[in-house]
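Next, two complexes with chain A in common: one pairs it with chain B, the other with chain C.
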Partner chain A sequence: MPARKASHPQAMAPSAPGRTRTAPPVQPGSWQTSRRMKQYSRFGMTGWVYLLASISAIEMVYALGSGPEAYERMQGVFGHPLMVLFHAISLFSVGYVVVRFFGLFPKAQPARIGPLKPPPGPVIAATLYGAWIGITLVLSAILAGGIF
Partner chain B sequence: MSAKKTFVITRFDPDKDEVPKTQSYEIECQDDWKVLDAINFIKDELDASLSYRWSCRMAVCGSCGMMVDGEPKLTCKTALSDYGDTLEIEPLANFPIVRDLVVELEGFMDKVKRVKPWIVSAKEEAAHRAAATMKEGTYRQSTEELMAFKQFSMCINCLLCYSACPVVANEPDFLGPAAIALGHRYNMDSRDDGQAERNEIFRGEGTVFSCSYANECSEVCPKGVDPAAAVNQAKLNTVIDWAAGFVVSRGGDE
Partner chain C sequence: MSQGHPLLKFEPLIWFLFGQGILVGSILITSWLLVVGILHPLGIVSPEALAYERAHMLASHPVGRLVLLGILALPVWKGAHHVRHFFIDRGHAERDSLIGRFCYLAAILLSVAALVSVVRL
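And then the complex of A and B:
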């Protein structure tokens, strides 16, 4: 039998042992190579990007509290081409996760929430994208000094 | 027209084998055969010791789920012509293997019982309905009320979704797609009064919030049930039910 990654040894195990000895469960062999699972793996790996981005943001806040020199030094670090590349990857990761989430969100709406029926999928998607673009524009305007 | 194909099939005899092994069979296959037809041919003509489950041959009973070239498939619905000259047939992934292509289903039965897959009627509601039934005839459900859950009631428990789910593979306590979809199906049923009980279960460990929305269950579902939608709708309903608990009285013991 070709090598397969083992599932958790107790995966789908009965609460009481059965009458016959069983072979342990294995995971599907196609997972690592299938298009769908590659997409899902990429989705999961964006978690590492957010972790690193969060650490760098905390570093920045810490530097801000350590005086102007530390803050200047940190800004210099953030200007390094590798950090710019990292932030580009972060932006791509956010976009990737948001688009995936927006794609799956409409079908996660129950047929009815109390007396309310959710709007059609395209309306939900349009609302989500509209809100995303609107918030991005407002934040960009704030960062550019256009507002406040 | 026919073509020679090789089937590499997992074999496991709990009385003899320590671990599963494979055995190859080369057979002449008709163009219009499904994968199950080929496995039946092998059993009938070449090796009567091969064990697997099957029954209806028309994608209704959900018995013949197997891994075909690493993907969970209902073999009676899977055309041989979609595959190359060699096919790898394995038992459903993520399940303990009982023998050859037969997997242990008791674990699933244990999980499915937890979601109370039946109509729960509150006593006073049941009495009211009984009275209404006596007066008006059969308990009526509108088309809209039926459509709220019909899709999720089409599940045939073939368990392909459990084989495809990465959470099932790694979290043994996870209720899994079909069981949660079934629980959600009853939660959406206008005749049911068990939402609070099921939502309590859904808020527990290893239930809806363990789902990472890989969507694999829906990709492999042969009946279009879309269990991923059910699980994620259940998440939302569970949260709403939890939040509503702060503002709406749930009643108490009589």
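And then the complex of A and C:
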């Protein structure tokens, strides 16, 4: 079978520019303050919070593995009002991400998954929220000494 | 970005880790932030609940290690991916190659740190 030669990318372009020209796209100066951009930026900024919250959690677990003295010292760091404020902001950020993501998740489902249709959107959302609340309650009870 | 660029080559893996970070990571880290980050320091939770012996016993259990690894490592990938896209959204798309590499390198290093922290418990 003879090798097929790729066509020229401009093969279908008109031989000469048309008479009606469109203006080149120009980004409006207010794009950074538009509602949608603010939403994207807020969602993007939660990335910084997740990174910092993970670093603080890694430090705490590392200290736990280093012995009682290091662990006590790290608990002192976590007890600082600024750290409590940071963790409160982190918790708010996680809630914001979860609500936005769980809202998007049902809309992102394909029409079919193999032979099956995905469950209706409200069922998916209810399952996700149920898992989030349930796992949070169980893990919080374990951490707070309510279980085990 | 060219077809053979590493960020495109590893895109399925990056998206997989990001997806797990935003779903599983967010679900797991909520209770950590609530109890370890807020309620325990404020004295709402008993100090004995997170005393060294009990915390070590919980964290060093095989299930505890697995959950801790999820709490420590998965949100890092959500964070790295969204920091990268934050820069793209703020008009730095032409530097995406550099920013992307930096973000995912940070995510790899922090994931290794998380793994080491959990293994040495």
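Here, the second predicted complex is superposed on the first by the 117 of 148 C-alpha atoms of A that agree within 3 Å, B and C clash if a C-alpha of one lies under 4 Å from a C-alpha of the other, contacts with A are read in each partner's own complex, and residues count from 1 in each chain.
In this text, a contact is a pair of C-beta atoms (placed from the backbone, for glycine too) under 8 Å apart; a residue touches a chain by one contact, two chains touch by 3 or more.
Predicted, not measured: the structure shown is a model, and the values here were computed from it.
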{"item": "Partner chain in contact with A:Y40 - chain B first, chain C second, else both or neither", "value": "both"}
{"item": "Contacts of A:P115 with chain B and chain C, given as first, second, both or neither", "value": "neither"}
{"item": "When both partners are placed on the shared chain, which of chain B and chain C touches more of chain A", "value": "C"}
{"item": "Which superposed partner A:R21 touches (first chain B, second chain C, both, neither)", "value": "first"}
{"item": "Partner chain(s) touched by A:K107 [first = chain B, second = chain C, both, neither]", "value": "first"}
{"item": "Partner chain in contact with A:S7 - chain B first, chain C second, else both or neither", "value": "first"}
{"item": "Touched partner set for A:E72, first chain B, second chain C, both or neither", "value": "second"}
{"item": "Residues of chain A that lie at the interface with chain B and also at the interface with chain C", "value": "37, 40, 44"}
{"item": "Interface residues, chain C side, partner chain A - complex", "value": "21-23, 25-42, 45-46, 48-50, 52, 54-56, 58-59, 67-68, 71-73, 75-76, 78-86, 89-91, 106, 110, 113-114, 116-118, 120-121"}
{"item": "Chain A-touching residues of chain B, taken from the complex the two chains share", "value": "10, 12, 14, 17, 19-22, 67, 69-72, 88, 90, 93-99, 103-104, 106-110, 147-149, 162-164, 166, 168-172, 176, 188, 212-216, 219, 226, 228-229, 232-233, 235-237, 240"}
{"item": "Chain C-touching residues of chain A, taken from the complex the two chains share", "value": "32, 37, 40-41, 43-51, 53-58, 60-62, 64-65, 68, 71-72, 75, 78-79, 83-84, 86-88, 90-91, 94-95, 97-98, 101, 128, 131-132, 135-137, 139-140, 142-145, 148"}
{"item": "Contacting residues of chain A [partner chain B, same complex]", "value": "1-2, 4, 7-8, 10-16, 18, 20-31, 34, 36-37, 40, 44, 104, 107-114"}
